[in-house]
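First chain A sits with chain B, and in the next complex the same chain sits with chain C.
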Partner chain A sequence: MSASFTRAINVLREQVDASVASFFSACTHCGLCSEACLFYTETGDPNYIPIYKLEPFRHLYEQDFTLAGRVKHIFGLSPELTDVALAQWSELVYDSCTLCGRCAMVCPVGNNPGAMVRKLREGMSVAGYAPDSLVDATQRNVHLGSAMGVSYKTLKAQLIHLETDIGLTVPVDVQGADYMLLLSSMEIVQFPEFISAVTRIFHQAGVSWTISSTAFEASNSGIQIGASDIAQQIVERTIKGAQALGVKTVITPECGHSYTALRWEGPTLMGKPLPFKVRHILEVVDQLHQQGRIHFDPNTKDTRPLTYHDPCQIARQGGVIEAPRRLLNAVASDFREMAAHGKMNWCCGGGGGVSAIERADPLRSTVFKKKKQQIEEVGVHTVVSACSNCRMMLEQGIEDNSMDVEVISLTELVADHLVSVEQTVRDVA
Partner chain B sequence: MFGTTKLIKALEEKGVTRRDVLKFCAITASVMSLPAGSVRAMARALEKAQRPSVVWLSFQECTGCTESLTRSHAPTVESLILQSISLDYHHTLQAAAGEAAEAARLEAMKAHHGKYILVVDGAIPLGNPGFSTIAGIDNLSMLKETAKGAAAVIAVGSCAAFGGLPMAQPNPTGSVGVSEVVTDKPVINIPGCPPIPQVIVGLLAYFLTFGKIPELDHLNRPKAWYGETIHDRCYRRPFYDQGLFAETFDDEGAKKGWCLYKLGCRGPTTYNACATLKWNGGVSFPIQSGHGCLGCSEPKFWDGGGFYQTVATPFRPTGRIIAITAVGAAAVGFGVIAANHALKNRAHKAHEPVTVDDLE
Partner chain C sequence: MNAFATELLLWVKGPGFTIAVIILMLGLSIRLMEIFGMKAPDKLVYSQSNRQSGSGVQTIFRRFLIPKGMLSRAPGIYLAGILFHIGYAVVFFLFEPHIALLNNLTGLNWQGLPNSVIDFVAVMTLFSMIVVLVCRMGRRAMRFLSDLEDYLVWLLTFLPLLTGFVAFRHVLLPYTWALALHLLSVELLMIAIPFTKLMHTVTAFSSRWYNGDIYSRKGVMS
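Here is the complex of A and B:
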């Protein structure tokens, strides 16, 4: 037995709690979760049935924590959980689960297989069976401060660039600001328009906000790879940055994962409430709109037929479902809902760290069929979303399938429809 | 009594015509789902039959079974067949008493060894031989002795079949049914408190016709009469299916003749022919007169909870078992919980913080 395997078993035992016990005892093997999982519906491969992805964990639970399992183990009736079994499960635990949580919505006994996969990853990472690219991302996240290796220098360069573009200043390290905006590396590198959009919206609303030079990264690879100790370090960094500036609320950007990572996992990892509120950018923008602090020109609504792709972590896991629809209807006139949307949306296929796993590329491409079909059914050429990871996955899938579809960010769309109050008054006159 | 007299002749003397016998055979054959040809066979068999020698032993009983079989409203074929058998020993019915009676039994046993039919009503006390004796002979010895040379043993009534009332909790005399004592030959059970008269006579007719015993169920009851529940053949069954129940004995439902399930009717769990053959020459049966079935032909029916509790209501003897099981299960459960906590605590103590270097 290798040292890392012994450690992995120990970590998995630590993960066993009431929810694990009730889950494994309550599961009736009905198989309803299979039809809820993108990876099963698009491949038909029974290995991808959500409950099956948990087999090593279930095995360990039964063997170590149940009476029947203990008796069976004593009499040698159940095989030992082996290092080999964990190695074999790496693909099922990492590549084929985006932690989207859709399986939990259909489970008749209220189990949450996705949350169990998250727990199983704790053991897999220690055993050394996390995909290399995810390990690299986690190392960068810890050592360089960003999963994609984006330093503050890079960010600063982008900020200067966009400040000249829009003629506004992006506040950095402002003491006592109300809001602190986090950014995902993807936004800094690939979608800096998002930062411009937020700057314009906040400028009009007169929001007191800032970006922290020491804690700007929103994503938390520790959660994706399943290493709570590392995830805790990363959350701690955000807490330190926010406390140094004395902000009241931290805004997570258009990144589903970082919303869950900070708002829900954050207090659990720290073992205490966070010293600030956490809000998703859409929640904040929607609130500003409701309060009448930002204005859209009612005459220049976007007339393109468009649909909204709910990022799983924001909609299903985060409950931010109404806000994006209110905003969309305020700026667009032909918003069409996909059949499965809101809390029952289908994942883009790249959540939960899967987008960062190179070896998962072909599988991800296969399961994109679902999203393709959904977009085609609703018959639009514009998909709006609010997660840069979803956005990247959608763009990649659209390109692979040569579809004539454009993906845009909701925050950017909203910013594009802003009109100043003076302008509105002038127009009316 | 003379075992050599022909049965049919004895019946004729009592005014039973050939037609009556044929009719009886037809009814019996149809109840037992026998092929049409067997009616004739049965009539012929009865015609040829010697009056079968029957030894009737009564142990811990109330004579209700004998009453049922001999007291019919009007003389029926079955009661007359019963009377026409060569009842060589029956201490309620026979004129002889004391040693003379016992001599008659021993004589019949000797004369018809291996051919006589032994009918038993009443349970047998195993606790103490003195609990029940006849002419100074205890029930157990008498049964064993008499069963030895019998062609067939018929346990009539719930006491003989399953122990009945004498065996009811707390069973002070240690009573058992016949099949607990007679294990070397088949015992046919005709349970009921009392059983339906047609059933025992029908069984005799079958035995005389085919020379064998009919098909029996797992409790050794002839399937022909005990194959279906009272509930399945009950004329009130449509009300059950519609969910129409009498809630008390004097409510609208009771007056309208709705199902008596909620008033404790044991119809659903009782296998007997009451709903089809009925009682008193086919006049009525308990449910028809407005009272639920008591389940008198089922084993341990006295101990099955209150007669007016719905069948589904749990009853006394389970309470203690449940309590013991619950305490035991809780103890095991707490043990497992303690062991699980210890295991998890050990895991927590053994935890080494995971760093990025551990991931490779």
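Here is the complex of A and C:
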């Protein structure tokens, strides 16, 4: 038995709590979770049934934590969990689960397989069975501060460009600001328009905000790979940056997992409450709109038929469901809901680190069929979303399937419809 | 033969029932200690809570309903599953002889349903359970997940209903035999509850509660 396998088993044992014990004890093998998982519905492969992805974890739970399991084991009726079995499960635990949590919404006994896959990944990463590309991303996240290796220099260069474009200054390292905005590397490198959009929105609302030069990265690969110690280091960097500037609220950007990582997992990882509030950018923009601090011209609504793709970590796993809809209805006149939306949305197929796993590309491409079908059903050529990873996945899927659909950011859409109060008054007059 | 049936009936009514109750209570105690003796899930996640809707208790009740969009994906298992659970509960709690037995044990009393209704519900429940078995053997995901225990649990659940129906209708077997086998199958079911997937009769509630509690803290009605 290798040392890493022994460590993995110990880590997995640590993951078992009363909720896990309840979940495993309640499962009746009805298989209904399979109908909620796009990896099963789009492939028909029973290996992708959510509860089945947890077999090694269930095995360990029964063998180590139940009387019946111990008895079975003593009489040789239950084989020992082996290193080989864990290795074989790597694809099921990483490539075919986006931690989207849809299975948790439909299980008749209330099981939460997604949350348990997240726990199983803790053991898998210690055993050395996390996919190489995810390991590399995590190493960059720790050593370089960003999963994509983006440095502050790169960010600064982008900020100079966009400041010229929009004629506004992006505040950096402002002491005592109310809000500190985090950014995902993807936004810095591929979607810098997001930063422009936030700057324009906050400028109109008169928000006191800043970006930290030492803690600007939102991504937390530690969560995706299942390495709490690493995830903790990354959260700690955010805490230090926020404390150094004395901010009250940290805003996570249009990035699904970084929101969950900081707001919901952050306190657990740190073992204490965070010294600031965490809010998603959509929650903040929606609040500004409701407070009347930003204005849209009701006469110049976007008339394109459009739909909204709920990022799983922001909607189902994060609770930000109504805010994007209020914003969309404020700026667009033909917003169409997909049949399954909000807490029942279907994942883009690339969450939970799957987009970073190269070997998962063909599978991801296959399961995109579900999103394609949803987009075609609502008959739109514009999909709005609020997660840069979803945006990438949607754009890739759309290109692979030669669809005539564009993907846009909700924050950017909102910013594009801003009008000053004076302008509105003039228009009305 | 009849003497043996009488003896068996006396045994299952007396020592057999006592043994089954003891194993059930002891087994449930062990299982509940195993589960809830574990550390509680971390509560720090609640520190960022912005509770907007839902709760663990609401999820316990909500999961009796079919989630939107799911019925068309698995109509057989949903409908048969719901009918069988409701039917089982109706027959168990609202059949007059069962109420009399429960009254003996607990002192509680309530109004039962007419025998004609119980008869109809029993037939519906037997049929639903057969559909559940067909689904278990026929639906790809369910068949793939199912092991020997799943089929054994189905049989242990089906037999009390079947033997009870045989006794009630006075068909197939002499009444003494039917009643003795009915009680014996109920006792086997009682013994199996703590040590098999039948434990979900208890843990489905805690599982739903944990699910609903964590999601409601995030503002999601799960």
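Observations on the structure shown:
The rule is short, and it goes like this: the second predicted complex is superposed on the first by the 429 of 429 C-alpha atoms of A that agree within 3 Å, B and C clash if a C-alpha of one lies under 4 Å from a C-alpha of the other, contacts with A are read in each partner's own complex, and residues count from 1 in each chain.
In this text, a contact is a pair of C-beta atoms (placed from the backbone, for glycine too) under 8 Å apart; a residue touches a chain by one contact, two chains touch by 3 or more.
Not measured: the values here are computed from a predicted model.
When both complexes are superposed on chain A, chain B and chain C clash. Contact with neither chain B nor chain C is seen for A:167 once the two complexes are overlaid on the shared chain.
With both structures placed on the common chain, the touch criterion links A:266 to chain C but leaves chain B unconnected.
Of the two partner chains, neither chain B nor chain C is touched by A:362. Of the two partner chains, both chain B and chain C are touched by A:16. In the superposed model, A:225 makes contact with chain B only, not with chain C. In the superposition on chain A, contact of A:51 is made with chain C only, not with chain B.
Once chain A of one complex is fitted onto chain A of the other, the partner contacts of A:28 are limited to chain C, with no touch recorded for chain B. After overlaying the two complexes on the shared chain, residue contacts for A:104 are found with chain C alone; chain B is out of touch. More residues of chain A lie in contact with C than with the other chain of the pair chain B and chain C. Of the two partner chains, chain B and chain C are each touched by A:67. Two complexes overlaid on chain A leave one chain C stretch from 60-68, 78-86, 114-122 or 150-158 clashing with chain B, and it is 114-122. Judged by the document's definition of touching, chain A residues 16, 65-67 lie at the interface with chain B and also at the interface with chain C. Taken in their complex, chain B has these residues touching chain A: 332, 336, 339-340, 343-344, 346-348, 350-356, 358-360. Those residues of chain C whose C-beta lies close enough to touch chain A in the complex are 30-31, 34-36, 38-42, 44-45, 47-48, 50, 52, 59-60, 63, 67-70, 73-74, 77-78, 81, 139-142, 144-147, 150, 195, 197, 199-200, 203-204, 206-212, 214-215, 218-222. Chain A makes touch with chain B in their complex at residues 4, 7, 10-11, 13-14, 16, 64-67, 70, 125-126, 128, 130, 135, 138-139, 142-143, 225, 227-230.
Contact residues of chain A toward chain C in the complex are 16-23, 25-32, 34-36, 40-41, 44, 46, 49, 51-52, 65-68, 104-112, 115, 263-268, 270-274, 277-278, 315-321, 339-340, 343-344.
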